[in-house]
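Two complexes, one shared chain (chain A), two partners (chain B, chain C).
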Partner chain A sequence: MLSFVVGRVLATVPVLLGVSVVVFLTMKLIPGDAAQVLAGPQATREQVELIRESLGLNRPLYVQYTTWLGNAVRGNLGRSIELEAPVSSMVLDRLKNTLVLAIGSAVFAITIGVPIGILSATRRASLLDRASVVFALFGNSMPSFWLGLVLILVLSLHLRLFPSQGMYSLRGPTGFGDLMWHLTLPALTLSGVPAAALARVTRSSLLETLHEDYIRTARAKGIAETRVVVRHALGNALLPVVTLVGIQAGYLLGGSILVETVFSWPGLGLQLYDAIGARDLPLVQGGVLLVAGLFVCINLAVDMLYSQLDPRIRYTA
Partner chain B sequence: MLAACALLSAVVSAAALAPLIASVDPIRVDPRLRLAPLGTAGHVLGTDQLGRDMLSRTLWGGRVSLVVGIVPVACSAFVGTGVGLIAGYYGGALDHVLTRTLDVLFAFPAILLALAIVSALGPSIYNAMLAITIVAIPSFARLVRSLVLGLRQRAFVEAARSLGAGTRRILIRHVLPNTASQVIVYGTFETGKTIVFAAALSFLGLGAQPPTPEWGAMLSEGRTVLGTAWHVATIPGLAIFLTSLSLNVLGDGVRDVLDPRQTGGASRTDAA
Partner chain C sequence: MGLRRSVKQVKRLLRGQGHLVTKTGVPEPVGPVHPGTLPMVRPRQGLTRPDAAGLLGSTLRRVLPTDISLPFTEPAQITEQARQAIREGFRTVKLRVGNHPQADDARLAAGRRAIDAEPDGEPVTFAADATGAWNRGEAIRRLRCWAPCRLAWIEQPVPASDLEGLAAVKRESPVPVIADESVLGPAELRRLVRSFRLKIPRFADLAPHKGRSTGIKPESQIPIEGLRISRCFRRRHKCRRRSHWGSVFVMGKLTRRRFVSSVLLSSAAAIAPRAWAAAPAKPGGTLICGWEAEPGAFDNDIDRGAVTRTLLHNIYDRLVDRDMTVPTSQPLVGNLATAWQVSPDARTYTFKLRRGVKFHDGTPFDAEAVKFNIDRDSDPSHKFYTKAGAGSLKLGYGNLASVDVLDQYTIRIVHKEPFADFLEVLAFGTYSIASPTAIQKYGNDDYPNHPVGTGPFKYVGREKGVKVTFERNPDYWAGAPALDGFIVRPLPEAVTRVTALQTGEVDWINAVNPDSMDAVKSNTNLTLALAQLPNTWGYIPNHKYPPTTKPALRQALNWAIDRETLARDVMKGLAIPARGTHAPGTPGYDPTIKGYGYNPAKAKRLLSTAGFPSGLPLEVWIPAGGAGSPFGIQMNEFIQQNFKDIGVAATFQQQEFQTFQNNMANGIQKDVNAIQVGFSVDEFVNLQRMFRTDLQPPNGNTNPGWYGSPQVDALLHRALGTTNDVQRRQLYFQVEQKAVDDAAWIFVVHQKAARAWNKKVRGYVNPASYMFTFRTVSMS
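Let's turn to the complex of A and B:
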């Protein structure tokens, strides 16, 4: 077991290194003189040279990369050009809010998607099944940023049930209840695509499992259908769902930039959006590196969890 | 399926015939007619905050959105298929290097990678298309590689090789045609997702730039007047949704016809 864990962890090291190379190289895509572009058109010659010196742009590429990576490993992601603050503390500060949104969305996606998939599979070809297929199709086709605007329009501006902006009320109590109240619409918006995917995968996986021999045996023994589904089929049927949750984690982290922009949710996504507008590339670079690194780690955790849940693949790296 | 074909044909025809159907210039500003509601005389779909005709902008925007959705898919299918063919057929160290490179690109949430590329290159519709192409290549490459791994062991490839066919001929004449159906199926789904993805980039200000009408950019502009003129954001959003929906249904239909065993997979451009 230990060798499996060590093997999987070691296998992610080259991926993380590759991620760092890609993030580093995106900075090199800047056309023309990067220092001039980063300093802006109004910058003086001294300011341009200062940026060139501080980012090490006058040194060979591999020296720039190893220095940047060394600093990043030690938690130093450079300084924001616009706000002149350390990028690492800025992105970590906002990451907490993004994680709140991502976790809220995951809860919504699982509580909506999995039950729909189960009901759909156990009542195959019924009206409910057809409705769930349409739900999955709609969820998969709907742009999250549009869904967010529609929810704001209906539930916030017209019905005044939820706030349309921010994470806490500017006036009044700002406790857990207030956070949940603000979280509902953005989390619901972000959960649309994963909920649809979970419904689809749960349905097809459960349908497949319900045709297995051991399920027929359970039914032949006279076990009630509900118990057959819950105790016998669901455990195995949900294995692919666990993998999907890992894949969707990337969606939740990436998609948060759109949803945070729509709802002015003060997370990493909104920070990246603002940084792009200000052409604050060290901040963009730091944010992207952090999210990509986090995504790799989440997938590693899901792999480990999967090996625990499915004994057939345990200890095989 | 028929409804999806009809809907998609309607969207494509409307976009293609925009110069004929749209009687008003999509970028003509009319301050007297700001935020005119639906059904206003001469402006069936109303106007936006600058008094520009929403019908014209939606039709012209469709041209941009469809091109930005389709061209990157075609480019990434071409490059991805090439990479997948080479990696799958040759195997060994070359396959190892290509696969690891794809793994690294897969480690990024797609929208973040696109965002990093466009923010460095500078916001423009062409840079957005380039970024979408780069982001979509790994999925095609991985799909084709997995197909080629199975195909290269098959008897007809062995037969071609024993008859003295060169590697290029085997790949192009024998292996490639056998991957085509799955690439077409995947490409159909991917086009729907890419249209949403491209709109997302424009929504963030990284794709089409004002005053170019594009569905994502229009939606972003409409966001600021959502409370007073809901139609400005809702109409382009509905256009994106219906186009993506019809392509997804069409993808299901194409899959059933070309490759009934395939069940479809997660896409790189799901992120929007």
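Let's turn to the complex of A and C:
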């Protein structure tokens, strides 16, 4: 078990390296650099050059990258060009907000998705089952920012039930209740895709399990149907569901850029969005690296959870 | 007053009940008289009061608030009288002004202090009445100086007969203007309505009276902006000779016939009037603003775009400034400099600095501080030299011979070459003066997170992605702002931004998206206003390689564009047709330049003259997404069709940003006939950069079309050495005219910005600029 974990952790190093190279090159491919953004569209070339020099953007690409890498290994992710602050503290500050949103969405996704999957599997081919298939298709295919805008227009603007933006009120008390009130709409929006995916996978996995011999045996023994489904089938059917939760957790962290932007949720996603707009390379690098690292960690955690769900699974390095 | 019926209807009603309409009311106290109010009067005969009020769709009021007018007394007495009046219950204090300018300054300040010093209660309105004492220039000058006194309005600043002067003052004044003596009867009102766009509020009915038509259409058909009844019968004697006119309006108060109407002229430039109702200019409140992006760090010398730069105007001062409390043609005013001298060769600038000003960190502002700021951005040997700052301020500080401190409050800046535009350049946000102590304390890297200036608001702190907080600078040299502070909330998504305004989560937003403008307009709690931006959107033709080297072809392209339809339909009113280089309302706008209209027939004729009777193909490069406007793509498509109509088959090539920028820097090449640009064109100095031969690529990227004309070069050169503002203006206007005649550009539109705010926000001036200030704002 330990050697498995160590092996997996070591394997993340090339992944993160690869991510950083790709981000670095992509940011170089995006037209315009920070110097140009700072100098404005009507600056003379001389002006842009001065600013570029001051930011060290005139050096060869490999020098820029290795310098950054050298610092990053020592825990220094550089300084944000646009906001003039250390990147490491900036991204960590934002991470907790993104985690709050991700956890909120995960709760929504699981409480909406899994029950729908169970209901439609146990009432196969019923109206409810068909409705759940439509829900899954709809949830998976609609863009999250669109859902966010619809929720804002209906629940915030017209019904005035929830605030349209932010994490805390700028006026009035800010406590846990205020946070939950602000969290509802963005979390619901972000949970759309994972909820749909969970419903689909739960349904198919449960259907498959319900056709297993041991389920027939259980039924033959006269065990109540609810007990059969919940105690006997569901546990075994959850394996692919947990894998999916892991994958979707990555989506919740990285894919929240649009949702955070729509709701002005002060998380990593909004920070990345602003940083890309300002061509703030160090900040983009730091943010993406953190998301990638988290993604790897979550996958590792999911892998280790398997053994808890299914004792037959053993780990070898 | 809430009247909903016309005079005719009411008369009919009353006659039906056998009442006389024309009975005059006689004052008769009902119950104890409360000071600061006037007793309602009882009609001698006829209707009882509740009857009359009910009939008129109004409710009976036992008391009627009125104002108190303080005479020409000494400042100390003003303080006493104002305090006395407020304690007696008056809620509007008006000061007579116009006798003696210096005395007025002190008296107004005393009045404002007295009002601010009163304990919280109902807000007190502070206004002034000049009874026609000034000429227009004097009026505008005085009113600008008095901005810190936060007057709710000024009555009759110019003589009653000078309606044009009144209009001029109205346009330029930071304070709403009321016409008082100018409206004696229907004839005057008619003139006013025709001269201005007046707002006739709901309670005013302009139906014909006593057989005399006012000639004014009913409310619904009048371009509306602001008419208000201000007087009460406290002035009965004065009013009596003012005819029957008042009764036409004042139907809620049948018994109070002899009313004088006063007309409030509100800004016609901004669609929304500034608060005309007695703006409670009581200090306090926090304004929450929805910003379209997260502002960058607050270096005083780096331009991080308009979203950040406009905040620099709130934190810092500059030596000279464009006064953003004036809606259009913002005057260049002394800010940290109180006076300056320019040498006849336009190279040496000597500034007298404002005394007694302190930075937010408590350190004094003086000539050494100014020198520190200039050296930091121009002298590589300076300890806190920044390349980024030097790059960003190259236009102003790039060619300095010396910067000398003459005494504690005098500084001399010498340029190597004549530079008559220097003052205007200094007014740009990035020429802000920062505290040298703070820069030394935090160092160049960390200073932007601890900005310290002398401006009206202090930077408190920021939670990135959440908010940036500013608080009032109580010691601001021009008077502390009314707000306790303001919060900038980044809301990048346009729909969310508008929703947050509609739900009251924020009070003020920038960049209202075009699709939401109707929703905002129809919301009675919100005000939507367009601001003309100093922006010019168009095409730069290739002046170096044919065929666009032929003036007739360039003119033909200019005549081919239907700018009106483009601005109205495609851009939803967020632009006006461009006649030349500068947008109306910008300091460089010349109204005499007529520019090009829409005339396809003329365009075709010119095309033949140019030698292309059967048309020609053109290669036009546009930046990816059609940069410079949210409507970029649709605009380009519309114009492509316009060109096609005269036989010009334009191919629009989208180029990604970098390629496009390189083209700007290297100049347009042989195979491209024009490129599309959206330039910010605010000051005259832009003309230097757009049209000078020696600033063609690679010496600059603002003349990528290789425009060059010996005549224009000579004019521009002369302008740089002309210190007389009037003459310099004339020279630049000649440049603009020549550029238009030459069709140096294909001028298309000047864009506008849509901003919106809650009606709780009082006193916000929406300037024709990317910049704005919250110094004049208060919350009700």
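The rule is short, and it goes like this: the second predicted complex is superposed on the first by the 263 of 317 C-alpha atoms of A that agree within 3 Å, B and C clash if a C-alpha of one lies under 4 Å from a C-alpha of the other, contacts with A are read in each partner's own complex, and residues count from 1 in each chain.
In the analysis below, a contact is a pair of C-beta atoms (placed from the backbone, for glycine too) under 8 Å apart; a residue touches a chain by one contact, two chains touch by 3 or more.
Keep in mind it's a predicted model, so treat the numbers as computed, not measured.
K.L.:
Which holds for A:Val230: it touches chain B only (first), chain C only (second), both, or neither?
P.N.:
Once the two structures are laid over each other on A, A:Val230 reaches no partner at all.
K.L.:
In the superposed arrangement, does A:Leu50 touch chain B (first), chain C (second), both or neither?
P.N.:
second
K.L.:
Based on the superposed arrangement, let me know which partner A:Leu153 touches: chain B (first), chain C (second), both, or neither?
P.N.:
Both partners.
K.L.:
Mind working out whether A:Ser204 is in touch with chain B, chain C, both or neither, as first, second, both or neither?
P.N.:
first
K.L.:
Check whether A:Tyr273 is in contact with chain B, with chain C, with both or with neither, and answer first, second, both or neither.
P.N.:
A:Tyr273 contacts both chain B and chain C.
K.L.:
For A:Leu61, is the partner it touches chain B (first), chain C (second), both, or none of the two (neither)?
P.N.:
neither
K.L.:
Is A:Leu244 touching anything from chain B or chain C once the two structures are fitted on A? First, second, both or neither.
P.N.:
Once the two structures are laid over each other on A, A:Leu244 reaches chain B alone.
K.L.:
Taking the superposition on A as described, I'd like to know which of chain B and chain C A:Ser264 touches: first, second, both or neither.
P.N.:
A:Ser264 sits against chain C, while chain B stays out of touch.
K.L.:
After the superposition on A, what does A:Gln36 contact: first (chain B), second (chain C), both or neither?
P.N.:
Touch status of A:Gln36: second partner only.
K.L.:
Across the two complexes, what residues of chain A are contacted by chain B and by chain C?
P.N.:
31, 145, 149, 152-153, 157, 261-262, 273, 277
K.L.:
Chain C touches which residues of chain A in the complex?
P.N.:
Contacts found on chain A: 31-32, 36-51, 53-55, 79, 82-85, 90, 93-94, 97, 145, 149, 152-153, 156-157, 160, 163-171, 261-264, 266-267, 270-271, 273-274, 277-278.
K.L.:
Show which residues of chain C lie in contact with chain A when the two form their complex.
P.N.:
Of all residues in chain C, those touching chain A are 286, 288, 293-294, 296-297, 299, 302-305, 386-388, 390-392, 394, 445-446, 448-449, 463-467, 487, 489-493, 495-496, 499-500, 502-503, 505-506, 624, 656-659, 661, 665, 679-680, 689, 698-702.
K.L.:
Show which residues of chain A lie in contact with chain B when the two form their complex.
P.N.:
14-16, 18-19, 21-23, 26-31, 137-138, 140-146, 149-150, 152-153, 157, 193, 197, 204, 244, 247, 250-251, 253-255, 257-258, 261-262, 272-273, 275-277, 279, 281, 284-285, 288, 291-292, 295-296, 299
K.L.:
Looking at the complex, which residues from chain B come into contact with chain A?
P.N.:
100-101, 103-105, 107-113, 115-117, 119-123, 192, 196, 199-200, 203-206, 219, 222-223, 226-227, 230, 233-234, 237-238, 240-241, 244-245, 248-249, 263, 266, 270-272
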